[in-house]
Amino acid sequence: MESIGELLGFHHPDEMREFFRKKSKKMTSKLTDLKQAVSLVKEGDYISIGGFGTVRIPTAFINELLRAKKKNLIAACFTSNVDTDLLAAGKTFNKADASYIISFEALGAPKVLKKYFESGSIQLTEWSNGAMGWRYKAAAMGLSYLPVRSMLGTDTQKYSAAKEVTCPFTGMKYLAVPALYPDVAVIHVHAADIYGNSYIRGVLVADVDIAKASKKVIITTEKIVPTEFFRDNPQNTTIPFYQVDAVVVTPYGSYPCNMPYEYFMDVDHLREFLKAAEDEKTFQEYLDKNIYNCNDFYEYLDNCGGIRRLEYLKDLESQIIIEGGLR
Amino acid sequence: MNTYNDIELMICVASRIFEDGASVSVGTGIPCAAVMLAQKLYAPNILITFEAGAVAPVLPAMPISVGDSTTMHKALQTGSTCDQMEMIQRGLIDYCFLGGAQIDAYGNINSTVIGDYKKPKVRFPGSGGANDFASMAWRIVMVVPHSIRRFTNKIDFITTPGYLTGPGAREQAGLPPNTGPYKIITNLAVMGFDEETKRMTLESIHPGVSIDDIKNNTGFELIIKQTPKQTEPPTQEELRILREEVDPFKAVIERKAE
Amino acid sequence: MESIGELLGFHHPDEMREFFRKKSKKMTSKLTDLKQAVSLVKEGDYISIGGFGTVRIPTAFINELLRAKKKNLIAACFTSNVDTDLLAAGKTFNKADASYIISFEALGAPKVLKKYFESGSIQLTEWSNGAMGWRYKAAAMGLSYLPVRSMLGTDTQKYSAAKEVTCPFTGMKYLAVPALYPDVAVIHVHAADIYGNSYIRGVLVADVDIAKASKKVIITTEKIVPTEFFRDNPQNTTIPFYQVDAVVVTPYGSYPCNMPYEYFMDVDHLREFLKAAEDEKTFQEYLDKNIYNCNDFYEYLDNCGGIRRLEYLKDLESQIIIEGGLR
Amino acid sequence: MNTYNDIELMICVASRIFEDGASVSVGTGIPCAAVMLAQKLYAPNILITFEAGAVAPVLPAMPISVGDSTTMHKALQTGSTCDQMEMIQRGLIDYCFLGGAQIDAYGNINSTVIGDYKKPKVRFPGSGGANDFASMAWRIVMVVPHSIRRFTNKIDFITTPGYLTGPGAREQAGLPPNTGPYKIITNLAVMGFDEETKRMTLESIHPGVSIDDIKNNTGFELIIKQTPKQTEPPTQEELRILREEVDPFKAVIERKAE
């Protein structure tokens, strides 16, 4: 089967080798603020967001990106709910690799954005979650493709940009998924040092590979820790400093999403988002109130109930992950 | 006699298909409830995995996202999506659980678009992990409400492979042998697949449902080899554990089956 | 270039899928002793040993394997020093994949074993360390091969069993390294529970992939810990229970090698090994004394200075890894 | 005038080639001593990696194995061999450091066998990580004693690629462009490679060594474009730090150069 989707985010490994050769491996401070970090995203860039669905999404960064009115990006819509939907709400991208879009999983789907995707104004290339994970992994390994056994025989294959290959040892047919080398990745983490060494607790999704694959890596972090946190236990280093370009401290930076071991998602607020997204007008009001008319992320947090609400979500998280049940 | 709604019925029936020690890739909602119920009643050694990376958690509540903190509670691993997909590719996962907007007689699933791909009438989320699961797990189980709109002769987009065009088609496409759709559990019946033609067959009818009900809600010819069995209705114990222990907050069982 | 080495340890992924499908995923106790664990190794088996060089080698297991007079195995000689050399000393294998053999790195090479490898009685297929690592990784991913950019154009390629392939996206030439699915793997770890969940601290070498790739996995462990050690922090699970077939408690089970964070290697004893290996007679005496005439591993430890020596090596390890220098 | 032995000379000269911020894959022995010396004197931001998995350690002593505990002291990562090899494959490693039993004019290295492969006169360890390093790191540095036995016109086995058969050969074999042998440092001289022919060239001669000494110890024709420079001898500071801080136990610097 020939695929007809546009190949996005692909580079020749030799071109990427030259890029990574020049990228500094010095351990220098990368501390900056959200505005500066957002300015690293350029017109036409392929952008990848870490996390999964409603979990560990760098919301603070994405809100700032919307305020900066970034346009014409190419997005990876991979296992994505809140990140994709916010990026779509800001009409920041017009092409995307899509493996999962629009829906907030068990909570429902924002109708306005569903309509936006149905309008044909975003050009999509289809993939499965596994294929997207493997595309990052191919890049992380320094390869141009990986052979996999998924997507074969389906329209998902047809509307992708994958190609069939044959195993030289067995004659088996494989699908070759092309490497995905994003221009910029944004990953929210539990802790980082000023050099970019970063710690993620809980599921990793594709973030280790995304950080290896991307030209620029922006880390938003719940807190800054000393480098000794990593040197005393190297297993804490989920992402090493030499891959990182910017470190931004964003406490509660994934709200209203779930930051595992820190705070649970704000289900009520996500439902408010979904309800607002039932029509264009209320959705625009939601966006104005929570993003465009806010000077920064703290204003949004205050809108949503401030410290009282955040402490409630922290308590909820304790109940789930420590006590193992809701009180 | 017990009373129960369609969702409870589907969950209870689905919970019975797992042998103890089976491994399963789970999504949120009905699949998760069914697996939690199975673990408590029929398959205490069931190995539960989630595509965001969690393996073998002790689930404290119904997850909202397959990557949320509930899936990590007392888990034995919290790895990556590729880790999970490769576990399936290596042949370690017996069952996966899927839904879908359209299903055809070969168990092919559409969760991408209704209408033309480029300018669709309805856009759905797309594959997510479904295509990977259905390509590489041993057995595909679907749990979906039964309607003529959903059970259709020609689906608009094959997001996720069933038996594709029939016998041998999966192997020819390059998919691993001996895999494919296994059971479809709806609010009306349990369906399986015919060994020879790979088309959907009726296996058992839920209490109070007639064959005509099923035919009227199925847009293709369902193979009915003999008088189908009647599905064992949810037992009192299944319902009690489902309501009290699996979903005490009624996050799933009081949702409407769309 | 066509390669002429024999392809060892390869299976069709579909055959392995059927094998892994049948392997039990129940959480049952796998606790056993060394004799039982050694009996899992069958005539003709392909055997892989975890660790690296003189580091985290499951010596206690290998010594027992020698006492059991196992023969006609196929061995993975990958980054291997002490493990390969002990297996060779027992003449346990007659075919091997070789990426690094004989030498104890900075300490020198056992002459008798060098002669044994020069005699032509072991049939080798050549690889690089990277290629062997990727062969395990291919199997761990459920694939029959991985494309890589190493070994090309050399005699290492010629005497391997790799094949050249072309990238369908770029036209680049790659070397396809075939999957390596061992029949049995033996990995020494810091801690395990009775079900086989295992924790490794420090460098992982290829052990995570070896455990995924192998039909049977034997874990030897410094100690047993409760399952809560893993459930309370899933990042501790280096190897999960469902891959493991046997768990054997072997305190100091890597002596005279280095068990990171526990005890340093016994350089004096390794030098004694090298000195004994200068001729056949003294080497046979060394093997008789330390392996064949010992009833178990504790007798060997006693030969080498017992608890006093082990405490010295633990102190040395503290100096290196905690104090960061020798007192 | 400072006195020093051949090993100290090679280490001091090798330590000078790294720019600050360079990344390097290191083996045990001389390479490690050179990199430790460089870090203390010339390149404080050098990024040190080991193929067993350790990245950016604060080395407390000379490692005996590239996987031993010294390589993990205050390291920032302790991962896998594939992690390290893929870091090199992605193009992140500037320098690798190799030895070898035989080297030819194109910098190809033999560390596998002398004589016939099937029944060799001498068997060496084989590639280890050397082939991977030399295939994919940007620059290959070799530090080896100079002898006519080692610097030979035709090596018995190409374990590890130099420029293979000359210009364009690496690219034709499929190796990444702009990679290859960079410097060879011996107890007699520093050699480089000619841009055009990819053959070994003489760059500088160590103090007290004549061109004839070098010719007599080299089994192929070395390109000598002009009167070669004299190597700057080890400085007092280099020797002091090497002896007092890098290798205080004389693990490397009092070994004989074979």
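Per-chain numbering from 1; labels A, B, C and D assigned in written order.
Here is the rule we use: a residue touches a chain if its C-beta (ideal position, glycine included) is under 8 Å from a C-beta of that chain, and two chains touch if they have at least 3 such contacts.
Note that the structure is predicted; figures quoted are calculated from it, not measured.
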Touching chain A and also chain B, the following chains: C
Contact network partition after chain A is left out of the picture: one piece
Which of C-D and A-D has more C-beta contact pairs: C-D
Distance from chain D to chain B - Cα centre to Cα centre, in angstrom: 58
Computed distance of Cα centres, chain D from chain A, in Å: 41
Centroid distance [mean C-alpha coordinates] between chain D and chain C, Å: 28
Interchain centroid distance [CA atoms averaged], chain A/chain C, Å: 38
Junction residues of chain D - those touching two or more other chains: 54, 58, 72, 74, 78, 88-89, 136, 176
Interface hub residues of chain A, defined as touching at least two other chains: 13-14, 142-143, 148-149, 164, 172, 174, 201-202, 234-235
Overall pattern in which the protein chains touch one another (line/ring/star/complete/other): other
Interchain contacts (touch definition) - all pairs: A-B, A-C, A-D, B-C, C-D
Residue ranges of chain A in contact with chain C within the complex: 7, 10, 12-14, 142-149, 163-165, 167-170, 172, 174, 176, 178, 201-202, 234-235
Chain C to chain D touching residues, read off their complex: 1, 51-56, 79, 81, 98-103, 105-107, 109, 114, 117-120, 126-131, 133-134, 137, 148-156, 159, 164, 172-175, 201-209, 258, 260-261, 264-265, 267, 317, 320-321, 323-326
Chain B partner contacts - residues on chain C that touch it in the complex: 13-14, 16-21, 24-27, 140-143, 197, 212, 230-232, 234-235, 237, 240-242
In the complex with chain C, residue positions of chain D that touch it: 28-29, 50-54, 58, 60-74, 78-82, 85, 88-89, 108, 112, 117-132, 135-136, 157-161, 164, 169-170, 172-176, 249, 251-252
Contact set on chain B toward chain C in their complex: 20-23, 45, 47, 54-56, 58, 72, 74-78, 86, 88-92, 94, 136, 138, 176-178
